[in-house]
Amino acid sequence: MLEELKEKVYRANIDLVKHGLVIFTWGNVSGIDREKGLMVIKPSGVDYDVMTPDDMVVIDIRTGEKVEGKLKPSSDTPTHLALYRAWPEIGGVVHTHSTYATAWSQAGIDLPNIGTTHADYFHKAIPCTPDMTEPEVTNDYELETGNVIIKRFEDMNPMHTPGVLVKNHGPFSWGKDPHDAVHNAVVMEQVAKMAFIAYQVNPGLTMNPLLIEKHYLRKHGPGAYYGQ
Amino acid sequence: MLEELKEKVYRANIDLVKHGLVIFTWGNVSGIDREKGLMVIKPSGVDYDVMTPDDMVVIDIRTGEKVEGKLKPSSDTPTHLALYRAWPEIGGVVHTHSTYATAWSQAGIDLPNIGTTHADYFHKAIPCTPDMTEPEVTNDYELETGNVIIKRFEDMNPMHTPGVLVKNHGPFSWGKDPHDAVHNAVVMEQVAKMAFIAYQVNPGLTMNPLLIEKHYLRKHGPGAYYGQ
Amino acid sequence: MLEELKEKVYRANIDLVKHGLVIFTWGNVSGIDREKGLMVIKPSGVDYDVMTPDDMVVIDIRTGEKVEGKLKPSSDTPTHLALYRAWPEIGGVVHTHSTYATAWSQAGIDLPNIGTTHADYFHKAIPCTPDMTEPEVTNDYELETGNVIIKRFEDMNPMHTPGVLVKNHGPFSWGKDPHDAVHNAVVMEQVAKMAFIAYQVNPGLTMNPLLIEKHYLRKHGPGAYYGQ
Amino acid sequence: MLEELKEKVYRANIDLVKHGLVIFTWGNVSGIDREKGLMVIKPSGVDYDVMTPDDMVVIDIRTGEKVEGKLKPSSDTPTHLALYRAWPEIGGVVHTHSTYATAWSQAGIDLPNIGTTHADYFHKAIPCTPDMTEPEVTNDYELETGNVIIKRFEDMNPMHTPGVLVKNHGPFSWGKDPHDAVHNAVVMEQVAKMAFIAYQVNPGLTMNPLLIEKHYLRKHGPGAYYGQ
């Protein structure tokens, strides 16, 4: 079932490796079939070079139960499910431990919007979640990770700023499909690296807020004119 | 028409990928035929691995209108045009979001000439433009980006310092042809990386001004003796 | 003799190159056959691209004498032997001069546990050894390097934190077999890089101790649920 | 003439590219035939991917005149000659603009010996030359660059510390032959990167002087026991 989506989710996972965002079995991508209410996700701890589309695991979004697949799903499955349930616009979710975005997560501060590279994809600063509490870590940790992310976006549009830094952990990103979510993960890593360098060069740097609106809107606004 | 120039501009765009200066569809190169008054530029938002020389777009320099090409030109087309109109010596223009040069753009300060690697190609500090104003961002943003660059070079020779950092955005470079402009883009990224490291190692470093003149002139002066 | 172990140790050495942890002849991996009381280790100063499994050297763990092999063993052989003698749980040892872990060794401070990437593999901070004394350096330097490491782990479980930074020198790691020890070396390099960046971004960053326990235990605790 | 040496010098130049130390035509390697009094060096400004062993240029060490070769020698030829004349032990010289070593040159301070990776190859700090004076830059600049290096080694053994940082310019290294000189250039770049990171992590770091002697001597001293 869902052969096409499995293939897409598989490809998106492999793309994480190609873009240098994951080593070993770190990182996972999922995709969703909203009509059927099913999510397809990478299996847990399987090497990317032996993985096949058939290894993808199918999960019922409502119950969280496995519907198909011989392997256990990613241990981060409940986080993915929480995001799909909260945000009906998203069609793909990515989690990585990519170097610079993870370092910003460890730094524990929002990744500020200080350039047009950021503004082309993320409208606001990419927010960092607060410390998780003892109950959150002890009970249903992966589900609560999702809830902490959702809470952080209470006053933000997740489609306008499609990524988050989970404090002391690493980045999650999302998009309209798995491919788009991976694209956003690559951009997040790139802007995390640029922002690291920029603040070393000039700790007092400032962003021109006019550029944020201009660049975000020329790609995503009603009169967007970037691309074909 | 302009098959040879299209091929050159295509190759120069591909070289940006080979040199690691762009990912996805970020970045664009153009070239000019001064006699015919035409510019050839990369199409907007087309993947580098499916792009062909035929996809290049031909623009009338005077009017800015498309003369040939099935695709929309790069959204940065008006910036390229402004530079060609202002500076008759240049034959190629490049824009990238290369990591270190973009980080310096975000830092918002000039990239100082602190070594012979810089002085071999850029006579002065690579200047950073000032913040763009509301009218500049709102009306004809890409054209005004070109104007801001040109204004920054009022008292500088663009052929002696063939690059600029657009504040909070990224680098533009140019040269006698598209290949040369890409070469300068690679050097700018490299000297931006070196300067980042050098200032971390010694924030109080100083440059010997004698070396700037010597190195710039041994490659570009009347008695230049570098190369064959 | 020990053909299978030689092959494994050879592969693990080659993997160091593939993962970008060593250049030239820097770095060495060993493995152990506890029943026979023998260690297999890389020869000293042999290029990775001409090395074969047959070049691996067999050493008697008790006496430290060479039992088989036409080449001299790694000069770090006595360090490896000391660790195998002290810690019966380990089956493989790795030493590299990988860039970021070596830089932290030169910095001379413990590599703190500030993220789940670290906590997934290393329970505590990866400790840095103290300065070696004159007698330690002068007499049996490589053996004493092992002893200094062992002393540093007096109050720590080497299987829970399978790596160390030898001050002004570089990292050692270990694991249940040579492959596992290399895996831990790769992770150590990665978390060393992330921690370098994270502290540059926020020198006052803090780690949530709840996450350390959670992540370490979900992979290594009694109810571990990561992987297949 | 000197076909074997030309081949060696050619290979050593290509190795600079393979090790990531040069881009474009930056960098040059030479080798010497002491008996014949001749130096073989890379031509000036020739692309590495079209260069052949036959393009190498033969120079008379005493007179500095070209003896054979259809191309102009590297513009840094007089620097190489000065080092060969001053130091009879050396058989190969390398100059690059490798990223981290060049950044330290721009920083203008000695690259300190803070780890065994450094001490395995360089006995002391890799010294940085002082600012060059107006007469030095104006008259015979490349020859004076050599003289400035030689003066900096007045009280140092160039075979024990086979590298230098020319201030605001970049690294030179040398060795018993061209291959060895390239090896030292790779190590210099690596230790420059490590030292940059180490000082960012701990600006107050200290080196154990006992380790310098131990590591330098176990590879280069009378009782050296590293390697086969």
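Chains: A, B, C and D, in written order; residue numbering restarts at 1 for each.
Throughout what follows, a contact is a pair of C-beta atoms (placed from the backbone, for glycine too) under 8 Å apart; a residue touches a chain by one contact, two chains touch by 3 or more.
Composition by chain, UniProt nomenclature: A, B, C, D = L-ribulose-5-phosphate 4-epimerase.
What you are looking at is a predicted structure, and each value in this text was computed from that prediction instead of being measured.
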Note: chain C sits from chain B at a C-alpha centroid distance in Å of 46
The distance between the C-alpha centres of chain A and chain B, rounded to whole Å, is 33
Where chain A touches two or more other chains simultaneously, the residues are 196, 199-200
Among line, ring, star, complete and other, the chain contact graph is ring
In contact, pair by pair, are chains A-B, A-C, B-D, C-D
Counting only contacts in the complex, chain C reaches chain D at residues 23-26, 43-46, 71-72, 75, 97, 99-100, 102-109, 131-134, 137-138, 141, 167-170, 196, 199-200
Touching chain D in the complex, chain B uses residues 114-117, 183, 186, 190, 193-202, 205-208, 210-211, 214, 218, 225-228
